[in-house]
């Protein structure tokens, strides 16, 4: 893994669905992307179904949708989707052999841990994919990582069964710690502050992580989300406010941003 | 490829980008030099530049609509000085001519912008945005011939570079505004900019979704409106027209050319497919050469 | 059901039809008396009636657009006399109040139309179409407060029935026109009418597809434009607003009500689903009663 | 069969695809429409797929599409489709069990032959469905009918194999008479002018039939087509010019119109 982004080929490609399966509340989508380079943890793709894109509620989806790579190697890409609207609904009904338009890999990946710091990976719900990808890459690089995952309930937590050794938290206490995944993070930082935090999840959770990192002066790398039209810096639509004023585009300046660089993360 | 003549420029094909819908500098960070090798547009139009830097509107800035989208970007840009100092050298590396789009709140601002751009050889042509629906001044200026004409009268003498006036569609009779632009010496007009629109927050509260309140509608949803406005303007002016609004395919582009446009621009469709404009350009280059739609 | 008050009328729910998008007499031929038993609208708005009969435009009159359609119907109607003699008795059998929509080429025509309608008890309210994009006169009248005001000044005294002015969206500032209507005594305004649009013939010849040349865009494609115009008008007038443009679902209707409309109307979506408005009415009746969006 | 229209229930219904099969250049679509009344020959339905309507070329189809019943009894409806654009393309890819929105039966059906006249049924291409329906209904009523069908070529004519006794013509001469189906009609009228003509097909063919009928003073009933938005008289979009001036709406005044009432039928 490196801190530089892997460049995207110029142009969207027709990838093919290898498999699509449901795990609890989520779908796992496996795509054959033979001509594309392997992504790095933190990078994402803009995806759209090859057919039937545009006939959902309110005559949508029209634009492609952003999804973090959950893994990628040897011409295969993995994604994890939560169905929340017409775009994810369409993608979650794709069948083996059907086509998907893919543009990517996009965005700046996670930078490596520095100064021998311990990597704390803290994910909430659908924020899991880039962290799972990262934890594998760190392991491959011979580095240690703590993986902490928070979910709404057991149905959502089911997907975590695949990731041995992860610390779990659920809002309803049905699995693991009863409470927020950021409680787990605070506990790890209490135990040993010589760490670097990697986080992805809903805005409220990321804001909590950002505050923790800033308050304790620990480096934090947050993989952000924002509504996107293009994913490659063209539309200026996907901005987050910066600590120093002004905005950054999540798609080209992120999605991974340093906690210290960010102002309060706006609620969705 | 067959060159298309436009205001003294020789373009490889008739397809540009819509201002504010492609950032060549960011795209090069994402796609690398592959972008330059297959640059999709025959000239590159910059995002709107203003005199002072602007942060743009608070998020959310985007809303997906039926067959289109609303944006409320709010013209974020570095301001004239940093654009000239930082961006121009990078944009000069593009394999195509550069059109710089500028907006001023009044004639004095526009004059300052145009004078500064005139001095720079990297800039091949200027586009005046008098039509942005997100900023009150841009709207008022271009909606009414009587307010546009005196501004152009001041600005026009300040440059010999081709001057394109980008019209607002949010007006009762766009052709009258185009006629005023022609009468005041514009070399071309471009249209349409986005239609004023609004999206309600999905939480049902009734407050607007977009951080900027109102937004601008773009994409296929408005293509019939764009085509009608281009045709209406073509009936009334002799200067060349850059037609845009919802163009997705070569067939759509041909409809705009047949309605009287010399060039077309692709905006929103590039968000879905970043190389689409290059394919349209290829498909249209021969057509343009044959049919002589190219203006002098 | 919870009645909604609108200009002195008590309506069972807040959903009307858009003028020209439902022909209750034809629908009764097709669906029989089942239509009356489940009449979808809380008041029925007639197609635009003119003084003299009109055949309408030559076909083709329709073009399917992205998430919408263009029409160039050209206001076919029997003319005032036959409307009053033949249609009114049939429309009086509907279980809801009747709004008659009229259009005149000038003040004199409008006065004649309004006077004649005022004399008929079957008619509960009048809607003035000053916004139809297919006929030059309708467009000019409603695009400019200065031309609308004197006409309303002549027409308003001729009837005590509620007078709704249907605004054109093809204007730079619809709220200014609405203010003029309010100042001249309109009881309500309705918007939006169709946006001026054009479709090219698929044969690639460049000639327009529609027999009437230009047409009007309706349907979900223009919903963001409609919502923005309704919100803009609501900020500037106190009279009730009938909001329309691309409404398909109860959620859409609620957005228009939240933006300031008292009633909503469904047009194009009825073509896809003839009973949709009735379902929206049911969903909205309680909401309207609770939230007190009903105007006095 | 009667001359009065069968009324449509007020509201579109969810019909279910029983079968969909290709015959040469056409598709035959069989729908279960349990709650709908049986249509009469000449009547039509507005159809739209229950899902995936709106994601074809140019973000279409948006409006429903008109299709003549090719038969209907016992809660089952038959249609024959030619794929010419996004609406017919979507309908032709429906699978058994999928839903279709159906509004109908709509329009005025064919009136019975009068004065003991012989029924000449003359159809071109996709104009076949209402005539096939009519020929069956006439047979059931103990009346004789001549069925003449014209096609572009053998691939299109293949569908006629199901209709025993039909006279065929093809543009390329590959099956039956080499030439126009109206040649066959003229020959029958030459042989015995005490007839009534029922026709459906492309505008040029219908115009030829109209002229034949008017010139020979033979009653002619033409099932017309026109672009439609609603199918029930709401939009005033589907007009044809009348002999006496003005226009009639094809959906409510037709689709079956008397030849003598019509002006020249406009080309598509």
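Letters are used for the chains, namely A, B, C and D, taken in the order the chains are written, and counting of residues starts over at 1 for each.
What we mean here is this: a contact is a pair of C-beta atoms (placed from the backbone, for glycine too) under 8 Å apart; a residue touches a chain by one contact, two chains touch by 3 or more.
Since the model is a prediction, treat every value here as computed from it, not as a measurement.
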Intersection of the contact lists for chain A and chain D: B, C
Chains contacting each of chain A and chain C, listed by label: B, D
Pair sharing more residue contacts (C-beta pairs) when B-D is set against A-B: A-B
For chain B paired with chain D, centre-to-centre distance based on mean C-alpha positions, whole Å: 48
Whole-Å gap between the CA centroids of chain C and chain D: 34
Multi-chain contact sites of chain C, meaning residues that touch two or more partners: 63, 65-68, 220
Residues within chain A bordering two or more other chains: 54, 58-59, 62
Chain contact topology (line, ring, star, complete or other): complete
Residue ranges of chain D in contact with chain A within the complex: 51-55, 59, 62
Residue ranges of chain C touching chain A (in the complex, touch as defined): 67, 220, 248-249
Residue numbers on chain D that touch chain B, as the complex places them: 58-59
Interfacial residue positions of chain C with respect to chain B in the complex: 63, 65-68, 70, 143-144, 170-173, 195-200, 204-206, 208, 214-215, 217, 220-225, 227-229, 231, 246, 251, 254-255, 258-259
Residues of chain C defined as touching chain D within the complex: 20-23, 26-27, 29-32, 34-35, 38, 47, 55-56, 58-69, 71, 73, 76, 219, 268, 270-275
